[in-house]
Amino acid sequence: MLGNGRIRTDLALETTERFAEEHAEIRGVEVHEEYDEEKDIRTTVVKIITENGAKAMGRPQGNYITIEAPNLSAADEDYHREISEEIARHLKQLIDLEHEKSILVVGLGNQAITADSLGPHVVENLHMTRHLIREYGLKSFGRETVHRTSGIVPGVMAQTGMETSEIVQGIVAETKPDVVIAVDALAARSIRRLNRTVQITDTGIHPGSGVENHRIGLTEENLQVKVIGIGVPTVVDAATIVHDSMAHLLDALEEQEQKEFLEEMISPNLYSMFVTPKDVDETIKYLSFTISEGLNLAFSEV
Amino acid sequence: MLGNGRIRTDLALETTERFAEEHAEIRGVEVHEEYDEEKDIRTTVVKIITENGAKAMGRPQGNYITIEAPNLSAADEDYHREISEEIARHLKQLIDLEHEKSILVVGLGNQAITADSLGPHVVENLHMTRHLIREYGLKSFGRETVHRTSGIVPGVMAQTGMETSEIVQGIVAETKPDVVIAVDALAARSIRRLNRTVQITDTGIHPGSGVENHRIGLTEENLQVKVIGIGVPTVVDAATIVHDSMAHLLDALEEQEQKEFLEEMISPNLYSMFVTPKDVDETIKYLSFTISEGLNLAFSEV
Amino acid sequence: MLGNGRIRTDLALETTERFAEEHAEIRGVEVHEEYDEEKDIRTTVVKIITENGAKAMGRPQGNYITIEAPNLSAADEDYHREISEEIARHLKQLIDLEHEKSILVVGLGNQAITADSLGPHVVENLHMTRHLIREYGLKSFGRETVHRTSGIVPGVMAQTGMETSEIVQGIVAETKPDVVIAVDALAARSIRRLNRTVQITDTGIHPGSGVENHRIGLTEENLQVKVIGIGVPTVVDAATIVHDSMAHLLDALEEQEQKEFLEEMISPNLYSMFVTPKDVDETIKYLSFTISEGLNLAFSEV
Amino acid sequence: MLGNGRIRTDLALETTERFAEEHAEIRGVEVHEEYDEEKDIRTTVVKIITENGAKAMGRPQGNYITIEAPNLSAADEDYHREISEEIARHLKQLIDLEHEKSILVVGLGNQAITADSLGPHVVENLHMTRHLIREYGLKSFGRETVHRTSGIVPGVMAQTGMETSEIVQGIVAETKPDVVIAVDALAARSIRRLNRTVQITDTGIHPGSGVENHRIGLTEENLQVKVIGIGVPTVVDAATIVHDSMAHLLDALEEQEQKEFLEEMISPNLYSMFVTPKDVDETIKYLSFTISEGLNLAFSEV
């Protein structure tokens, strides 16, 4: 199958599309789609139910919610509140927010690389309450239920000398949150989705995902608490662009031949390049705001 | 001919290479190449001598010096002083620095877009002397000849509501420099050249060049003073990458057919994307330092 | 009189207060005060009418509008829209915006010094229209009257080697605006006013004002067009704080004695220090937004 | 005694000076001073030996090394290498670097407040080796002894909802370093020392120190590993400046009277202000480099 080699996507939705292109059915995987015409928001839920489905999809069992909103890639006075609300709605389904929760938000990625700085920016904009509740108690909030929110920007391994998972494990062991939400910039396969798509999953963050590939994931298995992953694709590997463009040309060739041919054609230099919209600096700023408002909404309304 | 349409490069050197690929000769254009093995610096001087040559090359008559240094794309303790010196050497040939000159350095590009922020960063690192000479006189420098350096970061039209050329014309008319040096981030055709190549030209900056295309150039004709352009390619149009990759595949097709086919294949989305190395944020920082040191060297040693 | 030496304020209001403290009357100066209790905004208009008044006040004849809003120093969801509206209201009185105007906004100050970066940030947030009108005409706006807005961040002399006034004069000569609005960070005498006060004046910007003192002003005399100055005090000279605190102690001493004593007491080191709130980085961000929205409002509503 | 109330300094040296002013001797405290005339570096070691000494000094028993270098407050081509070397020399005395050590550097402070961002900047410039040794082994370094360096920027409580000490405790428990080095921006009493003084101590970081006071310290007691604190004073409380200036005036008054009088005089507003040099943004950049080079030197030369 095409793209099992170096071509990658962090979006479960794009993996299902590849099967669809080949008119293949994936057993153990369910796909539901909803479209809100007024807001122009398409929400697709991919459920990977069986071990077989997980194998075919190349990702673990669980729910993958993809919110596609073409408007998201344009700046907006109220920072796309309708998307923030959609994010909040799904979080409330994945986490039981009827009861008080202690939530640690982890902003993954490299602040020094604009396209990878989504996670750190999201944590910057969050309202933290954990320290206030510890100091002044719940009464100071004038609400009955208040979630304890905390957040960390762990940095990347080249900056810290530590695996991100080591840092998060240490902090989770010390502060004992009920749930971890990890926010990350993702790589997509299609440039059409860049900065227009939010993926929410209850399977956490997996090795090999993210703009800078993670070596070790942040999962319930590692952290011993539930882990929600939220991501937005901000880059496409440059090699993917070339690969996909050429693949159409090559439909006539035999599969194995094709793959070899493509690998020969694509310059090794390309593998350290990525494709990104010209306005990525500006975009990351308001995207991070849209997501943090989604989190703020989810945690403040009980 | 391929690429006369949307595929573009700001490097004169890459235009000559396209002719070379087709084993074509360009009348009215001379190319001289030098290679310093020890420093691994290749310097190519392209001289466009006749009107015919200018037409074939798609750029005005004049000298285009290209300094290629593979090491330039890696961080370096002394910020690649050998390249700074090479830049200084060529500037001294293009500007008569034996006699005192008043020099205005213009940092073109958009500070808010990392890949386009080379020019502003270069101006930031320059040593300005014009105001000091006006206030304290030449004696305060303890040297016989001191060049009057000044610099401006004009911003881009969307930020200022003015053409960059209007701003620079106004300042040139008011402060009357002998020469303008305009520094800009460029688009290349080959990713191999990104952040590894410095182009110096005595023809200034031309419409349609730069990461964000300039609408009106900065040339001797517009400004009434000599204009030197210095540029480093920091991006490749994403469409160029795909185009070039596919072109090899298509050698068998007729030229016209080929062009139409390619234009159909390349997604319109791609035209607002660019390809850039992952470490572009870090790279712009030290590249700008290497260039400003080149300028500082040229202007301080008489 | 106290403070005629090194102690300075850029706020006309504070100068009138010094006279008031001494129960002195200033001939040739009128002061009108208004207070909006609901919004907690106090607006004071100081009119310097005669040459004598100008001499006593140490600033040129003209109108000085001071908007004091204690809430302004706290972050706010809608960026203090009520202040933006108050700024817009006064601008419409100072500039005849009934008829189409071409307006150049100049963002004074040093981007590299947080407390001095108000002007550059304001220009960043402005909606520029001049280039759009030139390219697409007025029709594209769907309004009858559209003002032509443009903006420039000239930098400071140490960065450019040029007087700010030279740069602005050149651009004004080239682009011929009807009015210049210069925005600047100011020094106050009272820490109580820091980041809580906006001063608007039709006398422009004068030598010796601003966080980094300007050497040459931006005035109608220099630029040959009307100049409005807008400023917010973001620092107090450290020497001023000490001076004012001690002055109370010293009321018993003779005036001359007092002055000498104070000058002896205040460490020369203090003169390169300033006093600033801990949250100045955050504050500058939203203050600049409040002011640019004031300008955007003034220029978009006809 | 003056200043036991709100007036504070994070420099042990300044506390000894206050005693000296009063010609008092402090039992249980030893002070040794060295001066390198050529480099103009003064190094003072304050040793607090007894419990009594600790009480008198208001800080725990241990060694406090203060490096004073007037030149440090000016930018310098090689980033004050002589100070980096002095820092490295003292670190080697405090930590047994003859044997391989695993070292976690913690960059304390708030990145969003320039004057408080020294710690984060230091960690940014450090060479991390821990992850490289884990992946490629010691051989890849071509040296016999290689220290395992790692680093973290934990942020401040308002940003994370967690005590800094919780975050660091978690990471220390997970990654088990032999020693923690905590770098922080400090408050001084004298503006003369701002950005010119480096304090190194083997007692860690204590509650109530730092630009933003820490609530809980980073000490061997809390972390169960040795903790070295490195700090540079970057601010003086505005109240301190006024207090100290007035204190001289008031020598004649009775002590208790004096204290009350001063507290009345100093405006409560002043307590949220600090005094800082105008060029603090630029200064933090190169100071952090000088310190991180000190650390890099200490850890790379065995």
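Letters A, B, C and D name the chains as they come in the text, with residue numbers starting at 1 for each one.
Convention: contacts are C-beta pairs under 8 Å (C-beta built on N, C-alpha and C of every residue); 3 or more make two chains touch, one makes a residue touch a chain.
The structure presented is a predicted model; accordingly, all values stated were derived computationally and were not measured.
By the document's definition of touch, subunit C and subunit D have no common neighbour. Note on chain placement: the centre of subunit A and the centre of subunit B lie 38 Å apart, centres being C-alpha means. Taking each chain's centre as the average of its CA atoms, subunit A and subunit D sit 39 Å apart. Averaging Cα coordinates per chain places subunit B and subunit D 45 Å apart.
Residues of subunit C in contact with at least two other chains: none. Chain pairs that touch one another are A-B, A-D, B-C, C-D.
Interface residues of subunit D, counted against subunit A in their complex, comprise 123-124, 128-132, 148-155, 157-163, 166-167, 169-175.
Across the interface of their complex, subunit A is touched by residues 112-115, 191-192, 194, 211-212, 238, 241-242, 245-246, 248-249, 265-267, 269-270, 272-282 of subunit B.
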